[in-house]
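The next part holds the structures, each set out as structure tokens.
In the two complexes below, chain A is the common chain; its partner is chain B in one and chain C in the other.
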Partner chain A sequence: MTLRADVLVVGGGMAGAMAALAARAAQARVVLVRRAPAATALSSGAIGIAPDLWAAPEEPFAARLGTAAAARRLAATRPDHPYAVVGASLERLEEAMRFAAGELAPVLAPPGDRPLFLATPYGAVSVCAVAQRTMLAGDLATARGPIAVVGFRGHLGFDARLVAGGLARHAAAGAPEAIAVEVDLFMREEQSLARPHELARALDAPHGAEHAGEVLRRALPAGAGVALLPPVLGLDPASLAAERLSRAAGLPVAETLSDVPSVPGWRLQAAIDARLAASGVEVISAEVEGDGPGCPARAGELEIEAPRWVLATGRFVGGGIVRRGRLVEPLLGLPVTASEGGASGIHLAPRPSATLTARERRAPQPLLAAGVRVDRALRPLGADGRPVHPGLFAAGAVVGGHEAAADGTGMGVAILTGFLAGRAAAEAP
Partner chain B sequence: MSASRLASLSYLAYRALLAHPFKLLRRRGTGEERFLANYAGEGLVPTAPGDRAVGEAASACIGCGLCELPCPVAGAAPAVRALGLHAAFRLYGRSSAELPFARGPLSECLACADGRCDAACPTGVPISRIVKHLATRAARAPIAAAAPAA
Partner chain C sequence: MSPYDVIVLGGGVNGTGTARDLAQRGLSVLLLEKADLACGASGANSGMIHGGIRYMLSDRHVTELACRDSGYIQRIAPHLLFRIPFLMPFTSRGEEATLVERATWYATEVYVGTYDQYQPLKRGKPSTRLSAEELYRLEPALRPGLAGAVTFDEWGIDSHRLCVLNALSARAHGAQVRTWTEARELITEGGRVAGVRYRDALTGEVGEARAAVVFNATGAWSPALARRNGLRVPMRPGKGVHLTLDRRFSNYGITCTAVDGRQMFLMPHENDSIIGTTDDDYYGDPDDLEATYDEVEYLLEGVESLVPGVRRARVTRAWWGLRTTLYEYGRNEDALSREHEIIDHAAEGAGGLLSIVGGKLASYRAQSEEAADAIVARLGRAAPRSRTHEEPLPGGGHVPDPAGLAAAFGVAAPVAARIVYRHGARAEGVLRLAAEDPRLKLVVCREEGVLAAEVVFCVRHELVRRLQDLRRRCRIGVGACGGLDCARPAAQLAARELGWSADQTRAELADLLELGWRERRVVLDGHQLAQEELLRGAHQGVGRL
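Then we have the complex of A and B:
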């Protein structure tokens, strides 16, 4: 069978979803092929776009650069970063951010004027531009009164005392006092530890969140303004577990960001899948093979004909860049490059992989920034430095030049480049 | 050169130039038979090229745990839940001596033809194929009978 569409998106994470939804919003017929949940499902669940990388640790939260200003500064200092590569289109970052939050409104809260300072499950603070509704009350810059950090006994992935101790180090920057509390909930006799998704399902269940809220209310320290819980506040946004818990406990509750296995990440991926289906994007679960726009792509039993493609296959987790003795882009065989010591456009493909990491931990790691190079319009470049096809675009982590772990811009790049590539693919002749 | 170093080098030369060639002349049986003669007692199973391919597929596992979310067995079977589906092949993918201890969870997994775990894996690990392979490998383990039923 053959499917015809205007735009074929390969990859179903944040970047692919933004591309598909942006193209769909411009009235294009869109087919999205994905293999499995993307690295988005393993994310912290919040959207980091551009943290202020230049701030001193004790600088007050209120004095940190805003998201747009930090993104502009990042673009000015790192010529390889996708924020710099897109040029003047970086001005559309806030539009892309609002678009993403609007499309995923069931889980994402609308972006505010200021970045959010959210606790991680290890007591560090991460700067995010957009967060899930379940995380919003935990913003350390705006939370009032002491924060009660609540752990569930038997939940191995979250230690309330560790988080509270970590947050105490941010008091100078404006974080409220944090008090650790541990409550006894949901543990059955024969279990020695609870996995995050099991706790989330227990809260999703009818009366689960209400019961937890009752127990929490009795355990709270006097004067607590916010309760900060592990990132397990429901797998299903429709169950409104966080709201129910908050009502029963009698104070605002929030969850921290997540490590893997990530319940908030899974929730975000589920919201993406639901939105894609509702907006009329044809989603196909299969491995895709093909030679680029102009030739039909094969996905399982199907053939897909589309004049424009958006490559949003991710990096190492998603399989957009793989190591087969060398670093390769497996779908179309595009050249893989990365920055190294400030120089741009070094061709990594012919190098042995062992030369791709630096021993110095804080040094730029070429391997972690590996990806395809794109031009200003997000069209991947071939070995000759020219776009390989006028109808081929790339978005998200498959685009090289940024190190999501070090610069905190992973989701921001996915949203901005996904949005721009989707629009460009829908409008290309 | 010290005397002890000379002695050890001479011994190595004797092994390489005399003992080993004579041993090769007297060698009998296939590689697998000789492997079993030497290592079956330690509970090790020979690694065939097929095993190696499966091991390579399993090495794409990043231990994220997404496969456990839709898993109907992890919720129902305490043995599988305790082991953790994604931990199964990370723990037992290499050391066949420990494989018999995982026979219980593996057979619970085998009985489930659901396949939702395969579809949930972000790095594309063929989980149900690996479980099937590990179960046959566990059955081949020579001391399987002595292992406790999990």
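Then we have the complex of A and C:
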């Protein structure tokens, strides 16, 4: 059986979803093929787009660069970063952010004028331009203090003292006072091995959030402005666990960002899947094979013909870029660009891992930023430096030049490039 | 402060083994280790109490001592050893073996058969000869064209745990053990060594300790220590690199020949596989060592010659250390003697200082006994003879049944097995913590089978001062997850026990992550790269570490 569409998107994470939804919103017929949940499901749950990387640690939150300004400055200093490569299209960043938040409205809050400064389980602060509704009240720039960081005595995976102690370092920047509180929640007779998703389900359940809120109300110190909880505020957005908890506790409630395993990440992926299903995008769960637009692609039993493709297959976690002795892009065999020292190019793809990495762990690691090189219109370039095909686009982590962990821009690249690539694929002749 | 009888410098097997022997004989002992126990060669070796079959022709004494003494190690720490049967495959160039090939097989059988005479000393099984058909049935991953194999037996061990148990035993007999405390200078008085000045790296405390004898067991650091005091320790440090694979990749140990003819191996070891090793003269700073791309390729190529699928294996880390080989000019590294020597620096005008060079992990106990005898003689004291071969190490009294413990304490059987492996009879003490506080049943590392209870037990009872010490106590951060699952929970647990502030907890986490990065950087490939992406996302992206 052959499916015919205008746009084929490969990859079901944030980048692929944005591409598919943006193309759909421009009236294209879209097929999206994905073989597994994406790295998005393992993400922190919030969207870092462009933090102010140049601010001193004590610089007040309110004085730091906003998202658009930080993105422009990043583009100016990093010519290989996708924010620079897309050129003038960087001006559509805010439009892309609003589009993403709109499409994922049950889970994402609309972006405000200022970025959000959100706590993490490591006692660190992460700068996010867009966050889930369940995280908003924890914005250190605007939260009314003191913040009660709440640990569940039965859940060893979150240490309220580590979080509260870590936030104290940001007091000079404007973070309110934070106190650690431990409450007796989720202690069962046999033990409390409650993993994050088990805690989340317990809150989703009828009366679960209300009971937790009651316990909080009794346990929290009087005058606490916000309760900051472990990142487990429900798996099902429709259950409104955070709202119910907040109402029962009598104060605003927020969850921190998450490391792995990530309930908020899973929630985000689930919201993406739900929106794709409802939007008229045909979603196929299969591994795809093919040679590019103009030739039929095979996905399981199906053949898909589409004149434009968006490759949003991710980097190492997603499998869009792999290293088997050398760096390759396995689906279409596109040349992969790597950097070593100050140089960069596809000739570096076979270089050993040790030379493509820096000894200093915290330094930018070129190996982790390897990917496909694209032109201004997000079309992958071949060995000759020209677009491989006028109808082939790439978005997200499969595009080289950015390293999510070090830059803080991972989801931002996914959203911007996904949105632009989707629009371009829909509007291309 | 009153003087000690002996100050032992170095927390490897020789240092901890000698401290144990001396303390057991009733002497007062101070052990100073500048980092953590087993941070040198004692924590970077192949993880076998190696009978030394290789040295049988050149150094028969080494082989005999190693086999005899590993029999004692089995007696005093039965839980810590596990059998690794090895295959030594024969290659064949054609259907019909040539005369030369048949002669080589015969010679190998005789050689390994001769090694058999030592096997009973260490309770090893005698060697056998496998036909091609038997060989491929046992080890299907081997490349085609092999004519058969000879088998021999080795024992695997976690050498970090061996050092810890020796240190705990020394402490139980009254020794003082201080880790992260460096002996900066020797104190000399009247031409004799009278003690050391030390500095605690974590607290900054400086102090002096006096003793009539100082025993230098600082391994690869001992030449520098000697030089600083105008003395000489004759050592040719030999760098050895190993690789760890994420799972058991072969059923048995397999000896392989590397591109330059050196013998190397792939073997199952605890929950994963180890490939080793190299041997190269090293002239640099022992504190500044790293594996290179060349060394990694050399090892993978060597194994690939017999097990082609190894290129698809997931290498999770490379690790390395320096052998403390006795100095000799003019011989290739592999050909150097593995004998040990105890040097009395009185000949150089520094009476009271003794150093140990060379030796093998398998004979550490005998080496320690010899050192302790020499030290007792220098002290001119009457002291009983060594009993280190008789008294079990902590937890070595009996090996509990893991299935029974699993049922009794409600933990998964593989986890109980891991705890019994690491702690022997003390496993019950570990599990009792979980019984008293059920939250501690949390599995912190699925791969290595580490419960929160074990982390707490190690921190409380096993000389843990830093988060990275847990790498050596209970495998935190050294599994395939690279710390993604275990680093933050372990840091949180240690912080609660040791009273760390949030800042200190983050600093300790960062330190642990540095060590992991250095080990992973040179082997990033395949699925390990996906793991690295997740690790950086969690630790740098979310942790800002």
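As a working rule, the second predicted complex is superposed on the first by the 416 of 429 C-alpha atoms of A that agree within 3 Å, B and C clash if a C-alpha of one lies under 4 Å from a C-alpha of the other, contacts with A are read in each partner's own complex, and residues count from 1 in each chain.
Here is the rule we use: a contact is a pair of C-beta atoms (placed from the backbone, for glycine too) under 8 Å apart; a residue touches a chain by one contact, two chains touch by 3 or more.
Not measured: the values here are computed from a predicted model.
> Record, for the superposition on chain A, whether partners chain B and chain C clash or fit.
clash
> After superposition on the shared chain, which partner residues are touched by A:266: those of chain B (first), chain C (second), both, or neither?
first
> On the A-aligned overlay, A:365 touches which partner chain: chain B = first, chain C = second, or both, or neither?
In the superposition, A:365 contacts chain C only.
> Just checking: does A:410 make contact with chain B only, chain C only, both, or neither of them? Give me first, second, both or neither.
A:410 sits against chain C, while chain B stays out of touch.
> Tell me which partner touches more residues of chain A in the superposed arrangement, chain B or chain C.
Answer, by number of touched residues of chain A: C.
> Is A:137 contacted by the first partner chain B, the second partner chain C, both or neither?
Neither partner.
> Contacts for A:157 in the overlay, against chain B (first) and chain C (second): which applies, first, second, both or neither?
In the superposition, A:157 contacts chain C only.
> With the two structures laid over each other on chain A, which partner does A:202 touch: chain B (first), chain C (second), both, or neither?
neither
> Which of the two partners, first being chain B and second being chain C, lies in contact with A:38: first, second, both, or neither?
So A:38 only meets chain B here.
> Check whether A:317 is in contact with chain B, with chain C, with both or with neither, and answer first, second, both or neither.
After superposing on A, A:317 lies in contact with both chain B and chain C.
> Based on the superposed arrangement, let me know which partner A:28 touches: chain B (first), chain C (second), both, or neither?
A:28 contacts neither chain B nor chain C.
> Of the candidate stretches 115-123, 133-141 or 295-303, which in chain C collides with chain B after aligning the structures?
For chain C, the listed stretch overlapping chain B after superposition is 133-141.
> Hey, what residues of chain A end up touching chain B and chain C alike?
39, 42, 190, 260, 317, 319
> Under the touch definition given earlier, write down the residues of chain C that touch chain A in their complex.
292-293, 311, 410, 438-443, 452, 484-485, 488-489, 491-493, 495-496, 501-503, 505-506, 509, 513-514, 517-518, 521-526, 529-530, 532-534, 536-545
> Hey, which residues of chain A end up touching chain B in the complex?
35-39, 41-42, 190, 195, 197, 235, 260-261, 266, 285, 287, 317-319
> In the complex formed with chain A, which residues of chain B make contact?
Residues 62-66, 68-69, 78, 119-124.
> Chain C touches which residues of chain A in the complex?
39, 42-44, 48, 120-126, 153-154, 156-157, 159, 161-166, 168-169, 190-193, 257-260, 315-317, 319, 322-325, 352-355, 357, 359, 361-362, 365, 367-368, 403-406, 408, 410
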